[in-house]
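Same chain, two partners: subunit A is paired with subunit B first, then with subunit C.
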Partner chain A sequence: MAWEQIEWVKAASGLGAGLSVGFAAIGAAIGEGYAAGKANQTLSYRPGVSGEILKTMLVGQAVAETAGIFGLVIAMLMLFSPAAGKPVLTGWAYLGAGLSMGLSAIGCGIGAGLPAGSACTGIGRQPRASGQLTTLMLIGAGVAQSTAIYGFLIALLLLFKSLPEAMNWVAACTLLGAGFAMGFGGIGPGIGEGIAAQNAVTSIARNPENTGLMTRTMLVGQAVAESTGIYSLVIALLLVLST
Partner chain B sequence: MEITGADFVRGLALLGAGLAMGLGAIGPGVGEGYAAGKACEAIGRKPEEAGLLTRTMLVGQAVSESTGIYSLVVALLLMFVVK
Partner chain C sequence: MEELGKISVWSVDVAGLHLVFNLTTIYMTLSVMGILILFAFLATRNKGIVPNTFQVIAEIFVDAFWKLTRDALDEDMAKTYFPMICAMFMFLLLCNWIGILPFMDEPTKDLNTTLGLGIMGFFIAHYAGIRTKGFKGYVKEYFQPIFFMMPLNVIGEIAKVVSISFRLYGNIMGGSIIILVVSYLVYGLIIPPFLYAFFGLFVGTVQAFVFTMLTLVYISVQVK
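Moving on to the complex of A and B:
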């Protein structure tokens, strides 16, 4: 396999961009589709509050979309950075960045969509609590996005890291391993925090006077669910900074 | 590209560290989130039991966290012990 350096870097930027935006799109689309489905289901028996439900659905979908947009940004950065004169290791860093961003966005897209869906159902049940429901939905979905932001951070670190000129197998595996650690590590906390937020939103739709207690419980639960995401971030940072 | 045997082992150990921590984080994340979600649902039904439910949620999450910590330990071993 005798490739020129520039061809390998170009090929890796294409593959990395595909991984980044392709995986990120899975999560964002599932989350948004879930929110839209719940909104339609609620409208079937509560057509009177359609304006409020539509607004909440769109706000929730916009939050779920951010993970997809992160994936797109990383893909564009890879595709449109010049490949000439870059060391061979840049290609491996691109693959790691694509994995880190794409995989971590799967969980966050799904996780942000779950509270959006239950907020739509909740507004159908308690139209007067729509302000509290939207606020709690945004807090919960925002926390669920955090691992996508870690993935974005690791991807940017990988993209803009200055790498040694010579090819080095250990460094190549390190860059790829950082992508795997943060990428897969972002899936679980994203989905789990989304489930926590989903049920918290459902609960305040049933009992709006409990908003304070519910926000507190949700945040404690999400903080524990976040822990493995933070372990992944630590491992990924150790790997990136050791090359 | 010349890869020595020791480099090959070290490289794959680092890749394995990434896979270990990454895949190992999926389960605890989803499971702990599920526990938190159900605790929120239960407190919504019975707010006066919030203390008991939060305690139970944290105990359950601590158990579910254990595999995440195993992954962290294995990842650190692969990074700093395997040469």
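Moving on to the complex of A and C:
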């Protein structure tokens, strides 16, 4: 290697931190903006419940921001861990961790923002059901974030794994591949589960009596939509643990 | 910045096992439990038609969570699981809020606390499922669409524990890291109190509620 070992680990930590926080910011910001847009739209024809709508929007945005916060945590952990004495493979693990956290947070930020937006619309339509709407929005957005949490888990495993001293291209690409597997695998389920939650919240605003039935149907549908994310998690775990 | 992610530990070697105790987490969990027991004592000491302050707060908690539990489960089953749900929310809320006091740390900043609660919720939900559907009906659920989906269904159930506990841990840990870094950058001037209000009080409340509701929902999915 042309670079000194310590310089490569430092460079990779910078690159990994950028990937992690940069990609994670995309999804969270889109989701929060969607919620704010829907809240404004609702306020234009229903200014009477502005306090309730503002509260729901803020709570929904706080949940949607989780994915971005996870990206920031991984970036900070990479930047502030000492680089001296680490094997060269640590740099590849950092890149994998950044990809895993950053990419998987894109979908989950968008997905968690969708139910927040429709909860604002729903409160405008049916202000009396606001308690049920907020609860279902939180459950739906929380479940929609699971793939970002799997990405966070893979990133933490990559960061704190003890790696062999010698550089080895197979191991390097395996670590990077684990990041790709979990990162790309997390985008789709996040958005898909968000759509399920969004429509469940909209339907409860139309028909609050059926809350129990719709909550269960939403959860079953989300569990099926999440299965591809779980396949990615299994492959990523196999890749991380095999190095 | 060296204190990032460091916790004080006490490790002992007993009979060939290397045991590590996270002392800060244990102290803080015990303080939270002590405060909650004191609160429960004060709230129930002079019960009456005209309630005192503590009784009013306790009634708000009980009333709100009784409604949520009754909506998610049947009336009978809600009576069994309501005390656990309400106590879990109060415990988590205080755990997430205690970090705003100086020299105090959130017990939920440690993965062991959240993972422990998540595993507890997992076992309670599956116990409830076995009790209502019988062992045969419970096992049948795993072979649901087709029989070879069994391993993935099992992984999906375990992944629920991972997602519920890492969500709480990541949020609280992330909040405290952000507060630490920003306080370091601005030398502790002006901004940190607002960050404590946002991450400690607001995000802490939302995440405690999400954790409790997801535990409740997992129970209700198992029994229906």
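Methods note: the second predicted complex is superposed on the first by the 242 of 243 C-alpha atoms of A that agree within 3 Å, B and C clash if a C-alpha of one lies under 4 Å from a C-alpha of the other, contacts with A are read in each partner's own complex, and residues count from 1 in each chain.
Assume a contact is a pair of C-beta atoms (placed from the backbone, for glycine too) under 8 Å apart; a residue touches a chain by one contact, two chains touch by 3 or more.
Nothing here was measured: the structure is a model prediction, and the numbers come from that model.
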| item | value |
| --- | --- |
| Fit-or-clash call for subunit B and subunit C when the two complexes are aligned on subunit A | fit |
| Partner chain in contact with A:Phe80 - subunit B first, subunit C second, else both or neither | second |
| Which of subunit B and subunit C A:Gly188 touches, first, second, both or neither | first |
| First (subunit B), second (subunit C), both or neither touched by A:Gly113 | neither |
| A:Gly122 touches, of subunit B and subunit C: first, second, both or neither? | neither |
| Partner chain in contact with A:Thr228 - subunit B first, subunit C second, else both or neither | first |
| Partner chain in contact with A:Gly27 - subunit B first, subunit C second, else both or neither | neither |
| First, second, both or neither for A:Ala172, with subunit B first and subunit C second | first |
| Subunit B or subunit C, by number of subunit A residues touched | B |
| Contacts of A:Asn199 with subunit B and subunit C, given as first, second, both or neither | first |
| Contacts of A:Gly91 with subunit B and subunit C, given as first, second, both or neither | neither |
| Nearest-approach distance, in Å, of subunit C Cα atoms to those of subunit B in the combined model | 9 |
| Subunit B and subunit C footprints on subunit A, overlapping residues | 220, 226-227, 231 |
| Complex contact set, residues of subunit C against subunit A | 1, 4-5, 68, 71-72, 152, 155-156, 159-160, 162-163, 166-167, 170-171, 173-175, 177-178, 181, 202-203, 206, 209-210, 213-214, 217, 220-221, 224 |
| Subunit A to subunit B touching residues, read off their complex | 103, 107, 111, 147, 167-170, 172-174, 176-200, 202-204, 206-207, 210, 213-214, 217-218, 220-222, 224-229, 231-232, 235-236, 238-239, 242 |
| Residues of subunit A defined as touching subunit C within the complex | 58-59, 62-63, 66, 69-70, 72-73, 76-77, 80, 132, 135, 138-139, 142-143, 145-146, 149-150, 152-153, 211-212, 215-216, 219-220, 223, 226-227, 230-231, 233-234 |
| Of subunit B, residues touching subunit A in the complex | 1, 3, 7-8, 10-12, 14-19, 21-41, 43-45, 47, 50, 53-54, 57-58, 61-62, 65, 68-69, 71-72, 75-76, 79 |
